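Here chain A shows up in two complexes: once beside chain B, once beside chain C.
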Partner chain A sequence: VFAHLEMLEARAREADMKEEEAKQQEEKLARLKARVQQLTRQRDELQAKVDLQQKGQLGKEGVTSDPAQPSTQAVLEWKIKRVKDMLQVFCLTGISGKLTEQGVCFCISTAYDGTYLDSYYLDLLTKPEVRILRHSIPTFIPLEQLAKKYLQTDIRRFLSVLSNHLNAYAARRYQADQLQEHFSDQIEGTLQTNSLCNLLVFNYYVSNKSKTFPFNVRLLYGDLCSSIPTEVTVSCT
Partner chain B sequence: MDEVVAEYIRRTVLKIPRDEIRTMLQQWGFLSEAQLQTINFCQIKENISQHVVQLCEENAARIKQAAVLDIIYNHIYSNKRLWSVYQMNKTGEETDFFDLTDFKKKFKRRLRSALTNVTINFREYEDNAIWIRIAWGTPYTKPNQYKTSYVVYHSQTPYVFISVSVLKSNLPLLCQALVAASNSHDIREMELRSHSLNSLKDIVFKRYSQNFQSYYPKPLQETNVAPESDLRIIQENKNEKERIKIINSEVFGDGPQPKLEFAQYKLETMFKSDPQMNVLDRKEPFRCLVKFSSPHLLESLKSLAPAGIADAPVSPLLTCIPHKARNYFKIKDKKYVSSISFVSP
Partner chain C sequence: MDKSICQVYEDKIQSLEEEIKLLTEKYEDYQQESTFFSDEEILMSKKSFQREFWRRSQGCEYLSDLIAQLESLEMDLSFIMKFTGIQFTSHFKKTMEKTRNRTVQKHKLSGNCHSLSFQVEFQLLEIRNEENVSVVVSDLSVFMEPGGDSSVSKFVSCIEEHGNLLQFFRSLSSYAEWYEHRRCTFLHFK
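And then the complex of A and B:
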């Protein structure tokens, strides 16, 4: 019996101790929370004071020329916005550029028939001579050839010719995609083309009353700067 | 039907994961829809493959059709093979019209003139990729359908992607045939290898994300605004984090990076040490090989600076990988400047 009572007493003491500990921790937590709130309030007050001081300094200058300053500020902002919009509009012309640290970065945008297609970039170095640093132009466009011919001598011509190549390629590809999409019921299978889209071969049907005539078409685009074929062969198979 | 063909079809079907078998057979198009309906795709693969072989027997399949199924499998699971990139140089400046039939004819003729016992199959895909499958034999034995090489070629580009096969000795033959078929001068191996074929294509075709400076209006991106967890928490290093983010974005671009598994740097530089230590006073280059490997190397390099593990900007030796289109480098000292070597910082 004695042992049992001792055990119960020990348990009661343990429980008490645990309760004490828990209470202490809660108190500690409450104190820390209060401290955090106090510090945050202090910081906010100091921040407000700093802001006020800064504004106060500005205010001193502004008070003297108040009517004039807002308008010059507004005019400057309007000018900057206008220039930025102009620069964005330039991108719609097809060839636009931006000066970089080492040279200039050109953006060539392609479009066909009122639809804007992909844009390609050309990062050029200007010193010691004009060189291509990096670009996002597809490999089947003869960039190296054009660069060898025109880059050093006449950069305007280089950009113009390159833009023609890219626009023509984008136009040919767009036309091929549209053909495939809109006439898929009349074309047998898929169009056979190549990376530059300068050779297009496909079969299609023309039906007259009850008979259908299969035709084979071969479009050859001899001029890489043109989106119109130079040679067309239509044969009835 | 030939036993070899039957066994080959059976083994190819066994390779395909069960869920994909139906779609792949449909893509193959050799078995009719009615025949495909008769197959129970819920049974064990062993039985499925046997059933497929039976149906192929009915349709009298030959090695040509079996090879097409193999190409389809490798096209979808191209990441199971290691791809190397080769570059060809063109002869003249005239416009290349690229006639597909002409290309195939020249390739077959050139390869068969050197080695008659080969099986060659072609398959074209919508992105203008031409897949070539070659099964190699020897002058005395028939082609072994399990010893295959794959070539992926995009018309009018100088790049060819070759999956290295077991028989490296046939590589020169393959290269010669490619050079002849594409009207090129010569071919050389670029130091660029990966399991992800699409990533290799992205790198050489310059389709990966590069950050170009321009005034071109960027389309508004949905910025994932993380909900402010607690207004009382202030980022002390916000400016620094912003700076790192901007520099990182300039170097790596904003989009996903091409997937490479490793970058290897072979150092042939002199060991720079305290002269008093007297290490390697024979003035020989210190040969050392550093290899970085990762499931997605470029993404991990991109996250080095934001994670605080490296300073921004990250070393140009690491960031030039997509631009130089190589992941094997030889680094020499400043004295020996050549086109492929680098100056180590």
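And then the complex of A and C:
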């Protein structure tokens, strides 16, 4: 009898738990549904505002008041965005930077034709003398050498030469990647290249009716500031 | 069965939040790009804020932070213009298309580098995916003054053909510097 009572109690507890769970699920669903409705309303309001903009009617908060006296906040926020945009444009020119407490942090951008590639950072201290604090320049770029030669005497020249090295490297790497991507069916396996991407070796096939001719190509880029090879060796294997 | 309904709602919430984010950006971009305040208006705003500030002492932290932020950014800009020699005199930007992964903008920039003036117009395509952002320039047109030199026009057409905006500015810097040296030297001997 006792065991039977225990079993009934257990069943009752289980039933309670299940009821509790079901109630929680319902509440959760109701919350989610309300959130969806709220967000949908918000989205629709925003969409209406954007549509009005497109139709050429400027109106903040739906009130078409003559913007005679825009708030100081609006003016300042507008100007801040403008200056930030201008600083962004400098990234497109190749050298941009901002002043830091101890000096300047430069950003060197690289590109190949119209495609922008990686950017590299150089954090410089300017007092008591110019020194490199931090940088994201890859190790195979001769940064130390260049710094020794130019950093103290002509920072502009230093950055310009460094930019040449970085741009050439980025261009070589980009060209190798593009070659691999667009001609993968003609190239056997993958391109072999060193980290500086100034030595490229690969095998490819040329087919003619029934015969395929395997070739091996070796490209050497002797000038580190150039993305055009100085030595090309093609052999039929 | 209940769980899958929950999931549907949660997915819908996420997609709505993304839409709202995108629409907000679109709205703000349009407001930014279609407004213009001259330097005098900005100066007047700063001055009127400073006058008010002395009258009441609370609730202005945000505005004085804004002013400080603006001054710091303007110092950065003035430094980089002086350092590179590239002075932009006007910048016109218009967002043509904006979706979750793609933004297309048209830019028109005028400026000068030492004694040479230039104007560039281009389209900028930005594609965002999980790992990175790719930025590509197209429809580039370049105008340089003085442009009489045939080597300059050859240079300009090569740049335009390849959309090589970066190369244009890098070459502009060194060309303008040497142009200036030549001009001064010539004047000296005149």
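Methods note: the second predicted complex is superposed on the first by the 156 of 237 C-alpha atoms of A that agree within 3 Å, B and C clash if a C-alpha of one lies under 4 Å from a C-alpha of the other, contacts with A are read in each partner's own complex, and residues count from 1 in each chain.
We adopt the following convention: contacts are C-beta pairs under 8 Å (C-beta built on N, C-alpha and C of every residue); 3 or more make two chains touch, one makes a residue touch a chain.
A quick note: this is a predicted structure, and the numbers were derived from the prediction, not measured.
J.: Once the structures are superposed on A, label A:Tyr121 by its partner contacts, choosing first (chain B), second (chain C), both or neither.
T.: first
J.: Examine A:Ser160 and indicate which partner it touches, taking first as chain B and second as chain C; both and neither are also allowed.
T.: Touch partner of A:Ser160: chain C, not chain B.
J.: Kindly classify A:Leu87 by the partners it touches after superposition: chain B alone (first), chain C alone (second), both, or neither?
T.: In the superposition, A:Leu87 contacts both chain B and chain C.
J.: Look at the residues of chain A and decide whether chain B or chain C touches more of them.
T.: Counting contacted residues of chain A, the larger count belongs to C.
J.: Which of the two partners, first being chain B and second being chain C, lies in contact with A:Asn198: first, second, both, or neither?
T.: In the superposition, A:Asn198 touches chain B alone.
J.: Using the superposition on chain A described above, determine whether A:Lys98 touches chain B (first), chain C (second), both, or neither.
T.: both
J.: According to the stated criteria, A:Lys79 is in contact with first (chain B), second (chain C), both, or neither; which is it?
T.: In the superposed model, A:Lys79 contacts chain C only, not chain B.
J.: Of the partners chain B and chain C, which touch A:Gln47 in the superposed model: first, second, both, neither?
T.: Only chain C; A:Gln47 stays clear of chain B.
J.: Counting only touches as set out at the top, which of chain B and chain C does A:Ser136 meet: first, second, both, neither?
T.: So A:Ser136 only meets chain B here.
J.: Which residues form the common part of the chain A surface touched by chain B and by chain C?
T.: 36, 40, 84, 87, 90, 96-98, 109
J.: For the complex, which residues does chain A have touching chain C?
T.: Residue list for chain A touching chain C: 25, 28-29, 32-33, 35-36, 39-40, 42-43, 46-47, 49-50, 53, 58, 60, 70, 72-73, 75-87, 89-90, 92-99, 104, 109-111, 113-116, 156, 160, 163, 167.
J.: Tell me, which parts of chain A touch chain B in their complex?
T.: Of all residues in chain A, those touching chain B are 36, 40, 84, 87-88, 90-91, 96-98, 100, 105, 107, 109, 119, 121, 123, 134-140, 142, 145, 190, 192-196, 198-199, 220, 222, 224.
J.: Which residues of chain B touch chain A once you look at their complex with the stated criterion?
T.: Those residues of chain B that touch chain A are 93, 95-100, 124, 126, 128, 154-159, 204-207, 210, 212-217, 232, 323.
J.: Which residues of chain C touch chain A in their complex?
T.: Where chain C meets chain A, its residues are 2, 5-6, 9-10, 12-13, 16-17, 19-20, 23-24, 26-27, 30-32, 34-35, 37, 41-42, 45-46, 48-49, 62-63, 66-67, 69-70, 72-77, 79-80, 83-84, 86, 88, 91, 93, 107, 109, 124, 134-138, 140, 162-167, 169-170, 173-174.
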